[in-house]
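Should a chain be cited, it is by its letter among A, B, C and D, assigned in written order, with residues numbered from 1 in that chain.
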């Protein structure tokens, strides 16, 4: 401790914190998406599955802002309605990973020894499958459906969450305030949920935002190969997949969901970067 | 002391200082450095001036945040992106470094100006052999090829006292001990025959016996190579040991500079006075209250508009708070930044009141509060189905027994790896001992704690070293203190709030701090909160694990006083774990000296400080840097140990590997016998007591005291 | 280092055993069954039963697993029910093609990604940094199959510069071979590079703030030497890990990209096997993919250990 | 090193144009098929792309020509007894397998025996159930005795699976097929390509003209079309309808189209509710606009029809109307059947068959106005085979062209028809009588009349809706000479050559 090190200087509570640009941008991108996700079916100019065979493969125009697909369905409306799908898929899958992974990680990190060994070896087995393979495997066992894809993706990312939670828990276990709690004779549950958990949330929140992105992309990939959302639903991955044969005549069918996905992913990434900057000032970049 | 003239005012137009500058190797003039931070510009150095003549070693002294490292980095042109030099000159051999191009400055670095940093482990690249790292400046500045550099590297390593230079050159940093690593850094710095060394806290990360060796080495090298050095340190004892002159920084300003002997023996500036007074000394009466400097360093934003020290200065007047101070020099070359310097000359730093302090009474001989018997802890033992993963583990604590009486302070002194923290934590059942028992008030602590005996938990508490890490960053001070109360069965919320307020007041903090978060407090304040939290359960016994080690001297004195007060008022017993013999001699009744997990010596502090010494104790005591000089008499011969190596394990004496007085194979083969001198003073050594008693006292001055 | 390797290999073996059981059970649980798949549409029950007996599918699971595992230990991955050929050569061929894809893609990613990451870290907060992060955002923002489609559209359909699908063996000549690889590789690079660049950037920034980099500067070393010799060397550790894992991923088949580009690698083989319900092929493919993935992970750890002298020289244990 | 290689690869790939890429040995035809060949053993083949291989490597005793007439192939000629129960085939002499051995009667017997063996699992097995016994009269004469009279027996040997294979190489057929065909096997890399080369000892003199054929597996239509345009491919077999326009619009490409009897159907299982009521089935049939469906599912590359007998066939009943889609009438019929408010039903479609998936969605859309709510569910093909076909109530299925009218109709509509029970469980004695009668019809006229009635009854009873037959389209480069599309979707390359 020598020179004034202002970067690490304790930030005062009274001093207003400037929101990082990435956070502001991320929220700006995601807020409309959330609105769309909730109100998509009402905002859409057409029902997402209404076919209009007379105007199939129409280019974008006043009637159909992003054109129509091979059934004459309005691409824009389908993309809007698909927002819910994608976001729910991302968030729900992440929620599953967290619900399963965080307690396991806590227990492994806190219990150490045998418990830790068993949990982590199980995770090793899960992690020995590449994510998409695991997803495919889970979906191959049962007829594909969207909710199954969500569960599959959730399971795929459990090991990562467990590892992260465990790593932070192990790190926190070295912290003296945990020692202080043990010294007071606090119960294991209290230490886990009142001392450790609040300190796990910030990095976990950052991680979760990344997980949501991965989940959305993996979900789209599964739908793309026909193992996720099923037609005629308007999942973005499925839409892009269905657009493939027509992509030369009617690139807009793929473009619109592609753009929507880009905005979503960039938005969540920015949000994650922003959260990282706010919650975890030590970290400098993302991976 | 003659009349002081303003130094900075006379600086540039007058040719005399300019010629003085010509003779100086390095002259820093009116250097002002600011840091850009999200919340505005922070001052790191303002109007800093000093000069180092060839062959001179200057100490740059100050507490955290004083700006001393910033100045050192500015000389090296390594301020980083946030730091900006806003004014002044850095003259090296008469050339202003700021006027040179970045490339020219770089070519000076590592060649004419070399550096050694604080933490040798982090300063060495983990991925490269040390030989390669030592060779780099040679290749860069002297045109060596790596092959040509090799013999020179070995030469350098030999010069810094490394025995097997060839082998060490091929090692990676993590394979070396801390002392060796620091020697490697010093060898790197010496490579190009520099004129000036920038030593940035070069020994702070090291154990005291290692530190002593490194200081010895540096002093020798400066002498033999006729090197100049800027020695940045917070440790006045070391500065006193190695520096010809000293420059004291406070709040980004030079408050006093001059010859070391003058400044440390007869400080003029109030801050220097306070700093010297706050230093715990082995020779002071352990019941004596330490002087301390109240308050904390104020925030340094904007240009100075008053004396920076005024808010904490007991001599401050209205003028001090209105006018910034100028540095004024005297004929002897000493200068000070205080307009009252002459008036205060001879006035000591005010003593803390000792009125409330009862005289030291020997603890009552009742049943001991804590009784430790044959404690043993082995770490890292592994069982595995893979045979090559099975591991015996390392013995951290081996067969340690001692007792603590009610109201007694037992100090545990040792260097890193001595097992002292393990002892403390085993006592509180935070670590489960491999063998042995811990009785607390007659009850088996480990067993009871395992069974969830909260009352026992309540009665024994811990104060940590790292004041920041021991508080949950997501909880307010009040919330952190509330839990022990809840667990202790205090149901009423209002009652709890009241108790928290009382506790905070008790440790000298405003009750409003209950609503603050840990990161909003200074280190000293957080340590007070830690103490308050420990007190919340109304304990009888507190383990203080390096509780003051991370604090600046002035704050450390505060906390030590507080702990002493609490002991006296509440009748607490402490197990006081520290590496700092001065601190322990100040607060402890009895001391355990531990090495390699075993107790070498045990006894009342007054006995342990005097012969007979265990050879390790003797070396440890002699290594302690002190503000000796005129006041304390001539400095005795130092006993220098080999760089620390891992204790050899197996039977025999744990210290045998470094013992300067090793007898022979007996030390390797048999555990040393415990010999009792007097008064519960016990020494575990094969050397007979009588022979041990023949050694001269490390602190001859103590003889006069008793 | 040797002990470390042995330990990791032992763990790998354990993981693989558990995994093989899991794979076997999961594939058994798949709906539809092999016999009726082979018998095809409108097959009668006797036909299906006959095939079931012929394939030994009527025996208890444990026996089937035992037979399968024993075969694998002897290097026999079984016979594809649909293709009626031994699985091993089919797998090896697909694996070799995936290997080509992985090597080429990662070579590109390594060079460009690390370069961009270092550039961004060194010029942190400036133009170059912004550009790198902008481009990397683009890379990760849209799914790989979208890029694939866009690339097919541009280079295949409009510009007609490159073949948009399939694979040409090197025997057909270098140009056809290489030209078939360009689009899948570019897509993979787009997908992977963002992560590598961002990871390199962040670990580079961390390393640039370390004391040893500061000390290297204090030695008067030129910035280039500081960055390459002192910073990059250490900053690459996490990047190496990710690269190795990515390598395993590609080796195990990038289903989506292989689909879009009709690239006959491991991913499409697996999809084919699943669609045809060819159990031996599914099982062997998954086993090989996972083993490749695990080995890549292992390689990542070993490489990490090797580059990191702290582990290489003793301190590391599992 | 690797880096430099890659750099060179990327560079040259960008510099080279498509024509340079196409530089290949003359006489090599590069064909794309859309899906992997599962097996090279003709008895076990099930998919169109496999039949492509079958016709390159093997021959049958008879062959169905592009004009749908039956021609001799390995059999020089054949004759049958008056009661249509004894059939004798006289084999060509001197026909050699690729292995060099001459093909003889024993090979024919081995081939048919193998198909008849249940363990082989050949889909052609049902065809040969009619065979009572067979024997080799001499080395080049085979005689079959049938259980019942069957006029179309010779056509069965033009069937896809009934390729004559060497009796001494039965076990290695899947991986190393040996036949008598115009081309002989070189290599097969599953998922990637199959290579065959000219059979120098082919029995038709001067044929084939090509030196080599490479069949590449390129599932992506876009890739196929792009590769056709750049000259990397010469022929894309069985283009999906959505790609046809693009090929037509490209100057150096031709879209060779031919109507087939391959049909898709909306199956209504008569043993499940509500389709056990003929009025419901009729209502569904009435509600569906076949022209619209053809547009949606096939982009117009097909012909609306009413039964498995294709409109191009002389037996096609032109008097039957083709449904134009009348939701109001359908609603009325539903009301009569007791569904005044319609009903909700799940329609299963096999995954991965785009045309059938589109058909399913079209049905869903077109039944909406009639008050029928359809939930479309896509199932993987293996699940479809196991759990849907013949079991589910409402699903989309489809069938390839059959060589004869009898094999095209009888198995589906006769109550004892082999595929009836596994499809729609349709049973009507009147229909059985018509079909049995047609089998023994003594004249073309009689057959035509009887089949006309079959069609009328099929439409009336509506066990399923057959909306269209598909056009088979091949995308062909202008350089390819002598190629015509075959209505059976065979790929006949004997007369094909590649120009420059």
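Operating definition for what follows: a residue touches a chain if its C-beta (ideal position, glycine included) is under 8 Å from a C-beta of that chain, and two chains touch if they have at least 3 such contacts.
Predicted model only: the values in this text are computed from it and were never measured.
Under the touch definition stated at the top, chain A and chain D share these contacting partners: C. Of all chain pairs in this entry, the one linked by the most C-beta contacts is C-D. Work out the mean CA point of chain B and of chain D, and you get 88 Å between them.
Centre to centre, using the average C-alpha position, chain A and chain B are separated by 48 Å. Each chain gets one centre point, the mean of its Cα atoms, and the points for chain A and chain C are 22 Å apart.
Rounded to whole angstrom units, the spacing between the C-alpha centres of chain B and chain C is 51. Shared interface positions of chain A, defined as residues touching 2 or more other chains, are 143, 244, 247-248. Within chain B, not a single residue touches two or more of the remaining chains.
Under the contact definition stated at the top, the residues of chain C that touch 2 or more other chains are 31, 149, 152-153, 157, 259-260, 274. Chains that are in contact with each other form these pairs: A-B, A-C, A-D, B-C, C-D. The touching residues of chain D, counted against chain C in their complex, run 2-3, 6, 8-10, 12-14, 16-18, 20-21, 36, 38-39, 41, 44, 46, 118-119, 121, 123, 125-126, 174-175, 189-193, 216-220, 222-227, 229-230, 232, 352, 380-383, 385-387, 389-390, 418-419, 422-423. Taken together, the chain A residues at the contact with chain B in this complex read 1-4, 6-7, 9-13, 15, 18, 175-177, 179-186, 195, 198-199.
Per the touch definition, chain A reaches chain D in the complex via residues 51, 53, 56, 70-71, 143-144, 226, 230-232, 244-249. Residues 76, 78, 106-111, 114-115, 117, 119, 122-128, 136-137, 140-141, 172, 174-175, 185, 188, 198, 386, 388-389, 391 of chain B are the ones that touch chain C when the two sit in their complex. Interface residues of chain D facing chain A in the complex, by the touch rule stated above, are 220-222, 225, 240, 242-243, 245-246, 292, 295-296, 351-352, 354, 357-358, 361-362, 364-365, 376-380, 383.
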